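Per-chain residue numbering starts at 1, and chain names A, B, C and D are given in the order in which the chains are listed.
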Amino acid sequence: MSDKLRLGMIGGGQGAFIGAVHRIAAQVDGAYELVCGAFSSNPEKSKASGLELGLQPERVYTSYNELFEKELQLPENERVQVISIVTPNHVHFEPAKLALEKGFHVVLDKPMTFTLEEALELRKVAEASGKRFCLTHTYTGYPMVKEARQVVASGKLGKIRKVYVEYPQGWLSKFEEGGDNKQASWRTDPSKSGKAGAMGDIGTHAFNLAEYVSGLSVTKLCADLNIVVEGRQLDDDGAVLLKFDNGASGVLMATQIAAGEENNVKIRVYGEHGGVEWQQSDENTLLVKWLDKPAEIWRTGGGYVSSYAQHNTRTPAGHPEGYLEAFANLYRNFALCVKADLAGEEPKAEWLDYPGVEEGVRGMAFIENVIASGRSEQKWINFSL
Amino acid sequence: MSDKLRLGMIGGGQGAFIGAVHRIAAQVDGAYELVCGAFSSNPEKSKASGLELGLQPERVYTSYNELFEKELQLPENERVQVISIVTPNHVHFEPAKLALEKGFHVVLDKPMTFTLEEALELRKVAEASGKRFCLTHTYTGYPMVKEARQVVASGKLGKIRKVYVEYPQGWLSKFEEGGDNKQASWRTDPSKSGKAGAMGDIGTHAFNLAEYVSGLSVTKLCADLNIVVEGRQLDDDGAVLLKFDNGASGVLMATQIAAGEENNVKIRVYGEHGGVEWQQSDENTLLVKWLDKPAEIWRTGGGYVSSYAQHNTRTPAGHPEGYLEAFANLYRNFALCVKADLAGEEPKAEWLDYPGVEEGVRGMAFIENVIASGRSEQKWINFSL
Amino acid sequence: MSDKLRLGMIGGGQGAFIGAVHRIAAQVDGAYELVCGAFSSNPEKSKASGLELGLQPERVYTSYNELFEKELQLPENERVQVISIVTPNHVHFEPAKLALEKGFHVVLDKPMTFTLEEALELRKVAEASGKRFCLTHTYTGYPMVKEARQVVASGKLGKIRKVYVEYPQGWLSKFEEGGDNKQASWRTDPSKSGKAGAMGDIGTHAFNLAEYVSGLSVTKLCADLNIVVEGRQLDDDGAVLLKFDNGASGVLMATQIAAGEENNVKIRVYGEHGGVEWQQSDENTLLVKWLDKPAEIWRTGGGYVSSYAQHNTRTPAGHPEGYLEAFANLYRNFALCVKADLAGEEPKAEWLDYPGVEEGVRGMAFIENVIASGRSEQKWINFSL
Amino acid sequence: MSDKLRLGMIGGGQGAFIGAVHRIAAQVDGAYELVCGAFSSNPEKSKASGLELGLQPERVYTSYNELFEKELQLPENERVQVISIVTPNHVHFEPAKLALEKGFHVVLDKPMTFTLEEALELRKVAEASGKRFCLTHTYTGYPMVKEARQVVASGKLGKIRKVYVEYPQGWLSKFEEGGDNKQASWRTDPSKSGKAGAMGDIGTHAFNLAEYVSGLSVTKLCADLNIVVEGRQLDDDGAVLLKFDNGASGVLMATQIAAGEENNVKIRVYGEHGGVEWQQSDENTLLVKWLDKPAEIWRTGGGYVSSYAQHNTRTPAGHPEGYLEAFANLYRNFALCVKADLAGEEPKAEWLDYPGVEEGVRGMAFIENVIASGRSEQKWINFSL
């Protein structure tokens, strides 16, 4: 009898990038077994996807409603336990809410919902449900991002004063939407993506990273949002000045029109005595800089890193842990917590270190506030929930 | 009915690094289902390991002989199909030979065998068996290593003239063996590791990488092998001058006493018009250098890379594919070939691009020759099989 | 009879960092001979400095007024020709104005003056004088910064859309002023430095670099300026959102409290088809990135670079040209222009590529505008002269 | 009365790369005044070069014999004091010997002489002369190379075990000699360059760097030397296995046919507890790696570096000191020592840290031995003087 958690998936049918990523992430550590799914709003496509994934045909559903209904009819020890939702943003809220209400744990792709109102509502549902909820802000799954947070939290850098976070992409440098590029099409369509384009898609990642690593909360912001490519409906570029609750300031840059850039999300946080720097293009390195001594190269797998980084590492130092491993860390920690719950045990602090409803609500608030600021002629607006 | 290949594992019980790596590599793409194993020569430990992995107790065996015997009694559509062998070097030959003879496909950790004689014998067995055989020279699974080979093969660099390959490690800088460090203990023990220490463990990887990327074969070599740490029985450091079959020359450096180094295996190959450079610490970059124009940064996921690199990539450019993905590429390509065989189809060239018996035999010949050269007072010795 | 230009210096006495830098920069190419100076407002110190520099005692003056007066009494072929002014900001305007009015060419350290009014006045004086004027925005002297400008100007990147420029320092992370740290003391003192701290000292460099490389002009800005270190009188940190005259947007970050940072000024400019990236820590590399092909590593000394980069390079590719060479390029180009003037010849375009009064005026306008914006509650303010 | 040392130059006429480099290096710190020269064996060219450099016509000579003769007739306080010799290798010995014998200090470009015999003779002459002698192994002038030596010498790394040094170039990838490429022509001509090509030109630099940083002496070597480009007369590629006097081993790689490489000389030295790594492409960084803690990034200008690095630095951290500054450090230290001698003072240890006759003799011995080894079928040959 396998002790793998039984996983179901909503969305993520054939050709969907992020669905495949979620499945790999769940598989890496062997903690989940994919048992069912409603992979597409197109029944044919859902069926084909499920068969390709080796599911039993009767557990490939044509809608999430059907999935919940049928799965609840199965004996508890066969029934799906964790629901992964990897649909476009406008189809996040309802299935997530239903899943939680019907007693399933939920892993949800970011951003949390279509609107802040939905997010606030979903938070209530999640809290009432007693079920676990994970929002896949992948970058916080990297061992060296976790280490950055730990270095800051340790106080070694002193009071934090400055945060720079950036997420430059170039893939929307041309008008890509409306054609074959499915990713471009839905992500630039306000009816599917929501109020924000770049700010929702990657700005929320940058925002989450900034708050996660610094341990601070944004209190005010001032945004310059742009639609650079003619004909586009949502922002494809922006820069945001930030103020944090301890008085620190910051800059957040997110763009999809930096031609030639891939996905080099990067964060730098400075305190009184030093700073930390991490970027995805050198994902297993954390630069730790000091005012009065040489900068240090902290590495995934190093014997000196915290229990948080160690727990989220699979291979010896020098064997790079990449994006999928970071993603898998979210799924693995989530599974460890769910299993601890099932066993009536207390999850370890390291396991609980995955993004949840709070991060989801703040991400949606970021979108609301940054869009409002972009439209305002006033310099600062308060970050409100 | 899942179309996953049924995988069995020999070795790789609790606490074994490389066994866990193989399991993850097999799981990443969902192409295998682990169904049985003989995880340790210690029956208790084998059982415990198998249960932890969620196997059915009756398919956790106490020896590979038992595994073969019992599995052959199962109906063909339940029986294990692929055997992963992840034992120390002295327990490679026999289970691999048996597995092939009994009709299983084999994935074997490197180096292939304990001696060259065994390797030559195993090649015969493999060829006679009609079964597939993969030797896990992981580094050739990286998309950008594959791309390096393709750039060379395209002729763009002209005739190849120089190859530098290096694998610096520092983890054996002290006398680690004999204590708790199981890895150190068996890898430095000639009764388990074979004739060579560093040259067998990492020199063979460097050698394989040099031949793979350059498309050339070593014909002569001149080795300086050292036992640096007092009390050690096998070489922990060495450098080898190389000659290739087209007249090119090379240098191979492998050491385990470069204190402070992790696993930054690196290769540079130069031809008449330019060169390629890859290193594991920047695993998704291939530098392509030119005599008369700017060097270029080729990246995993770039739209301009070959079908070989593309086929071995899972995520968009900038989301790093790491060591486990490289390892998974071996397992995935192996599975694609096995499935093509089962379906009576021709595997694609990209799928066939995994290391096999030939690479295994050459790796063992490298060990034999490099040890002989290390002991010789003559400068060059011929690379003989 | 040497054809070296006769150089005099105002400021830059013993212990002054920037004075020594100017002297080296002038000496590197042997185009100048230091013949006189008023090195300090302290007569003793001026004398001692001049003697240490090997000047004739009678040409070491105790004030710039004395310098001008006495030098004008010398025969024209002995008299100083070029005056370098390396005093703190509040002693820029008067000696520069006098020097120009009295017929000397002027090299002036940045920022140009103490106030924008002075800068506008100095521009008039300079234009009326017919003499040459150079403002030492050093970073535009780097070969690869010049190349960046040429790549943008060539149109290869298409219309420019985004500019990121940053100048992070950490040296003012503590309260350094008032003690022995002379640099810290005057640069944080509004009576010597002017209205701005970090924005005047390094923000102006970043601003100049942004306009130089992009070929664009800032039209609007929105600044967040901070005094981070308690007790400090001027901004030591800031971030500025920018709008350019072609509709592009940008972000400028300048800070002196990023503990652990040195002087890694960095610029990235993106157009429709690609981008350029340069940073001082890798000063001889220009990354040229493309939307649809591999990024390229353009290097100082490469055979493919423009005449601008070539002209400003002394050594073969791979022998790094550093900060002093960049600085020397300003002096060398200035000398070539002065000598061409003297010879009645037309200076080449490559020689004329040094920063002058226009850059000086815009730099002072940047200071005025950025300070105004920092105090404003309105988001955007127009960049006004 | 200037206290600059009076410098004369032999060789280095118009168009000669290294002559210009020497002149800049001497000028950077204002410690020398070029007063005379015999710039070319072609009298016209010598005159033209001297005039262009602003020398008095009567001190531009047509041969070094004339230079010595005429300068000795000048009063001692006008006479040249230091002779820079920047001719091709076959014209090193005689002018250097004469200069020393006639009472001048000598700065000589490397390699020291045409043959080892000449080098041994020149050492005697130099020692007998009581004059100072500097051999311009430029790379040891970099602050971070000096720091590397200091870190090793401090014992922090423990006993040194391994040295990797490499100097890859690509500029001789084609047959360049015999045409307009003057550099290529003499450097590949045995009648001007000597017994060795790449090994003499850049191998000696690598060798010097290895001994300088490690503080060790090579005792045995095993060389693979190649003439890769058809028609070439001297080695353009080679790799050398090394043994050092403390038992450490090493690898030296020097090539001129690594197409696409510039001049990225690099050294790594490992001891029991850690290692140091420096390369010219990141010239102001010294990586200091440790067995059990994070690697450190030591930087030129850092407050924590040794007095040796500090003494050889002109600008604050982050303002790169390049190749010319490294070269200038040799000239500056040489000048400080000569001036100390003149003043009857003891030079500081930091000033004495420039390469001299001993390094020159060992470099020539390296050439002799490496060529002998390249031709030998025996693995190791002793490093003999």
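By our rule, a contact is a pair of C-beta atoms (placed from the backbone, for glycine too) under 8 Å apart; a residue touches a chain by one contact, two chains touch by 3 or more.
None of the values given here were measured: they were computed from a predicted structure.
**Q** Pick out whichever of the two, C-D or A-D, is joined by more C-beta pairs in contact.
**A** Top pair by contacting C-beta pairs is C-D.
**Q** Which chain has its C-alpha centroid farthest away from the centroid of chain D?
**A** Following the centroid criterion, the farthest chain would be A.
**Q** Calculate how many whole Å lie between the centre of chain A and the centre of chain C, each centre taken as the average of the chain's C-alpha atoms.
**A** Distance between chain centres, rounded to whole Å: 43 Å.
**Q** Please compute the C-alpha centroid of chain A, do the same for chain B, then give the distance between them in whole Å.
**A** That gives a centre separation of 34 Å.
**Q** Would you kindly tell me how far, in whole Å, the mean C-alpha position of chain D lies from that of chain A?
**A** 55
**Q** Taking the mean of the C-alpha atoms as each chain's centre, how many Å separate chain C from chain D?
**A** Here the centre of chain D sits 34 Å away from the centre of chain C.
**Q** Please set out, as single numbers or ranges, the residues of chain B touching at least two other chains.
**A** Residues 261, 295, 299 of chain B each touch two or more of the other chains.
**Q** What residues on chain A touch chain B, complex-wise?
**A** Where chain A meets chain B, its residues are 1-4, 17, 20-21, 23-24, 27-30, 34, 53-54, 169, 171, 261-264, 280-283, 299, 301, 314-325.
**Q** Can you check the complex and tell me which residues of chain B touch chain C?
**A** Its residues touching chain C are 287-288, 292-299, 302-304.
**Q** What part of chain C is in contact with chain A in the complex they form?
**A** Result: residues 157, 161-162, 164, 166, 170, 173-174, 222, 224, 226, 228, 237, 239, 241, 249, 251, 253, 255, 257-261, 268, 270-275, 289-291, 295, 376-380 of chain C touch chain A.
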